[in-house]
Amino acid sequence: MADVIGFIGLGHMGRAMAGNLLKAGYRLHVYNRTPEKAAPLVAQGATLMSHPSDTAERGGIVLTMLSDDHAVESAVFGETGILERLGPGGIHLSMSTVSPATARRLAEHHSRYQTVYVAAPVFGRPEAAAAKKLWISLSGPHAAKDRVKPILGALGQGVFDFGEEPGAANVVKLAGNFLLASAIEALAEALTLAEKNGVDRMKLASMLSQTLFACPAYQTYGEAIAQERYQPAGFLMSLGLKDITLVLQTAAASAMPMPLASLLHDRFLSAVAQGGAELDWAAVASDVARSAGLSRKKDD
Amino acid sequence: MADVIGFIGLGHMGRAMAGNLLKAGYRLHVYNRTPEKAAPLVAQGATLMSHPSDTAERGGIVLTMLSDDHAVESAVFGETGILERLGPGGIHLSMSTVSPATARRLAEHHSRYQTVYVAAPVFGRPEAAAAKKLWISLSGPHAAKDRVKPILGALGQGVFDFGEEPGAANVVKLAGNFLLASAIEALAEALTLAEKNGVDRMKLASMLSQTLFACPAYQTYGEAIAQERYQPAGFLMSLGLKDITLVLQTAAASAMPMPLASLLHDRFLSAVAQGGAELDWAAVASDVARSAGLSRKKDD
Amino acid sequence: MADVIGFIGLGHMGRAMAGNLLKAGYRLHVYNRTPEKAAPLVAQGATLMSHPSDTAERGGIVLTMLSDDHAVESAVFGETGILERLGPGGIHLSMSTVSPATARRLAEHHSRYQTVYVAAPVFGRPEAAAAKKLWISLSGPHAAKDRVKPILGALGQGVFDFGEEPGAANVVKLAGNFLLASAIEALAEALTLAEKNGVDRMKLASMLSQTLFACPAYQTYGEAIAQERYQPAGFLMSLGLKDITLVLQTAAASAMPMPLASLLHDRFLSAVAQGGAELDWAAVASDVARSAGLSRKKDD
Amino acid sequence: MADVIGFIGLGHMGRAMAGNLLKAGYRLHVYNRTPEKAAPLVAQGATLMSHPSDTAERGGIVLTMLSDDHAVESAVFGETGILERLGPGGIHLSMSTVSPATARRLAEHHSRYQTVYVAAPVFGRPEAAAAKKLWISLSGPHAAKDRVKPILGALGQGVFDFGEEPGAANVVKLAGNFLLASAIEALAEALTLAEKNGVDRMKLASMLSQTLFACPAYQTYGEAIAQERYQPAGFLMSLGLKDITLVLQTAAASAMPMPLASLLHDRFLSAVAQGGAELDWAAVASDVARSAGLSRKKDD
């Protein structure tokens, strides 16, 4: 009989991932703060639990896919957190984006209960999650990583192992999001320069994404920015700001300047200050256009 | 019998390109300030001329592949420049990176002599030029573009047409180089953050270039920066600085700020000030490392 | 008979300030984590206490002059903190630099105990404190401010009232330190530009501080930076980094970009990464010189 | 009988300065591209000339106060320029802001004609010029400087000698303007941070300009920015942009990054792109406010 896995966090990403685990034959004990979101999964056979702790079985595996560091810490340490119930030999498979510092702190606390923290943050939007096309960055103790690999195999198209240090996989995740945000800023400045000089934005984006930058990041964001299409949001501006803040905090904690990350932080703040928090993070390009004196018709 | 083409500028790029034209059956009248560099081409059948003007035939085509705006202007307007000799119906096919402003000025002067300026700057390093793998950005009058297309077909793997405005193709070229430099800075900051946090630089670069950034720019520069290999230079730091300077001048002339380009300009200046002018432009990553307090062994 | 005041925090600033209160006739109950530092004040008549709480009298005034937000919170909320002992009508006169957010939180907690939080951070180095030359920024409830004004009069040369909001005086203090750090960066870049162009650094600093910038900030830092004299530290680089971090956190919490503060944050991180944490914060100028390719003799 | 001085350039600054020279007893031969502006000076005794060259006497002194490098070069080298007429022993006293590179080039050309170039750019707005309150930065050959000192004494309140190198005085002038622009940006960010946190802008500006920053630069700009009063312009945004461009060009020519100057350059471009070219340069503060999401009533 298949293993039972605890699954906490059923947002856009979590629901898609949990669905794939059910299809792969896993049994799931799911929990979400808003229980209604669990309905489609329950219809597929998942069992809905009342508390995070209920999802854990002694020595088992609990996967978390939550919105921020605080939510993960609550699910672990809170009154109804998983920590005690999971017990010796248990694994917390933490797949959302948290800071390396939080990951290290969680790993340390887990070790006091003889449970193991495995960091496995993912790259990909909800569509990628649904299509099992996530890329997964992994770090933690060897034996635990071996045990969760079949689960990760049911969720993504590739797993990259960054060793045993619990924060490592999250450093990788932050580095990746920083690179994406950098590409967005660069595309926004380049396409605005083109427009100010009479060159078609869409033609330029199209050329770039067929040649030097023929890869998903530039194809996705090149087209969105060229067309100024920022809704519906694939990744919220407010979450982009949160991630860049984590990047800068991680850099500061390791005593290094990251001037490009600072520039992005200022750009996100400017976009949020002007009302863009609920748009896709590529909408920072609107602030680039504004500072170039380009005004847009409201109904464009 | 095949057309004769004038070809001015036989540096690393020019020699590779001229070689491909000879292989494609074109006859070439070549000129280079240092005539010795023409030897291998002469051995393949090219005719070496003493002055730029000698390469031009009335109503013919002259291709320039020179190091900067000034060199192109000399080859056109100078005492022995091509302008008068080329005459009505002649085409100046300008393939090196010049500023859009210079392109516009050249086009205007040409029109007084009823010759035509066609801008066709290229993306690619000398190896790509030799392998006919250049990407070409094109702008200028329709009829002239049609006439040069077979030539461009013998030089690259794809041509992207940006309309009739003479500066347009150069705006595209500058935008592309700006995006490359941005990717270099982003990779340098990300890999340094990784190193400061105990994550293997090479592993991170490898993951990125297989996933979100599976494209030539990130593959080439990710590996070079992860390994800190900046010699031999594929593209000189000093030329990178020149191009970013052109980007900023073009942006200023069209009244727009480009804060990321400004950051890159400062980074290149810092790298040059510390002795890096002759390294590959990816060596800006050394300045990122230095500012993070990472010192390297001299013989690395 | 004179009032008794509790005084917590006897670093360079605190000792100088406490000495002035004794001279002005106040009786002091002092506390410091390292009690030895209290010796000169005890010799002048102060009474050394064993715990922060011991310095408080019911309905009295306790002044704190501590190194960071955490130290202030400990002195108030900690097991031996002042909060309960101070009781209804008591005043916490908080004179060190804390974040506006911390000030607001402290004010709220105090109000539950019917004690009052008055923010009165100061501008000035230890010499200025000793000479009663501090400038004081003040905010808090009217009645409490009236009650502490004689104390402030014994400590500084001027008090500026910014209303009742508890965080206001700290916003002013952070704004002032941000302006000082900005002046340091600007002077460093200007004097380096001068040196690179053969203009005498000292002559330029001297001219500026007699003309457009004839004020203490530019006189002090212009001379220090022109002469590259960064020891002994008047204000530590590590504290400068802390304050700019507070500035950026305050700006982010109010949704605004501060690109100049971001630039300073990166500069301080670079200086600290290269070993400058224990120098005066004006030593960021060394990083400006380094990035300009200027190297200095070690024994300069 | 008093010396005759040639005086070229009768804008706001030039007219005020020429007036003071007449009052001091000098005879003036004046020239302005728009001759009408000379009327008040002619009424005071000046002689209006038809060409720049007419203002020069063999071995005499010609003072220029023109809007940019190009205008100065025309007045010297142009068809009716002063160069030949001035002849051996003549002095060109150049008092407007030009780049150090232009100054060096002018000095070299002059030397071929045995005339001498003396650089004496000034700090101060038209009111200061009228009140003989200019500060003057001076460089050039000793003998020539001695000869012009009485003239400078009639124009300003202080002269600072930076040696013989012709570009030195202009480096000083650019450094001074860079420091002013830096103070404007710093004040704008600080006052916006204050406003976003409920602190009165005017009160903060007032405190700063009485304490740490009790000097003309902060008093003038602190009040203007706190009140958002940017008209009439004391110094045009477009001229500020020109000067920061010269600063960056001078820095680039001496291989050094100036990140704060880059930030200012982007800020000025943004302000100009949004229609601020004709406002006072302190109006960059409006762009700071906008990026913080603060919108202003149109009729403010």
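Some observations on this one:
Which chain is which? They are A, B, C and D, in the order written, and residues in each are numbered from 1.
Keep this in mind: contacts are C-beta pairs under 8 Å (C-beta built on N, C-alpha and C of every residue); 3 or more make two chains touch, one makes a residue touch a chain.
Computed from a prediction, not measured in an experiment: that's the story for all the values here.
The chain with its Cα centre farthest from the Cα centre of subunit A is D. The centroid of the Cα atoms in subunit C and the matching centroid in subunit D are 38 Å apart. With centres set at the average Cα position, the gap from subunit B to subunit D is 39 Å.
Centre-to-centre, using mean CA coordinates, subunit A is 53 Å away from subunit D.
Annotation for subunit A: residues 251, 255-259, 263, 270, 273, 291-293 touch two or more other chains. Contact topology of the protein chains: fully connected, every pair of chains touching. Residues 245, 251-252, 255-259, 262-263, 265-267, 269-270, 272-273 of subunit A are the ones that touch subunit C when the two sit in their complex. Contact residues on subunit C toward subunit B in their complex (touch as defined above): 259, 270, 273-275, 287, 290-293. Within the complex, the subunit A residues that touch subunit B are 100, 123, 135, 137, 158, 160, 162-163, 165, 167-168, 171-172, 174-176, 178-180, 182-183, 185-187, 189-194, 196-200, 203-204, 207-208, 210-218, 247, 250-251, 254-261, 263, 291-293.
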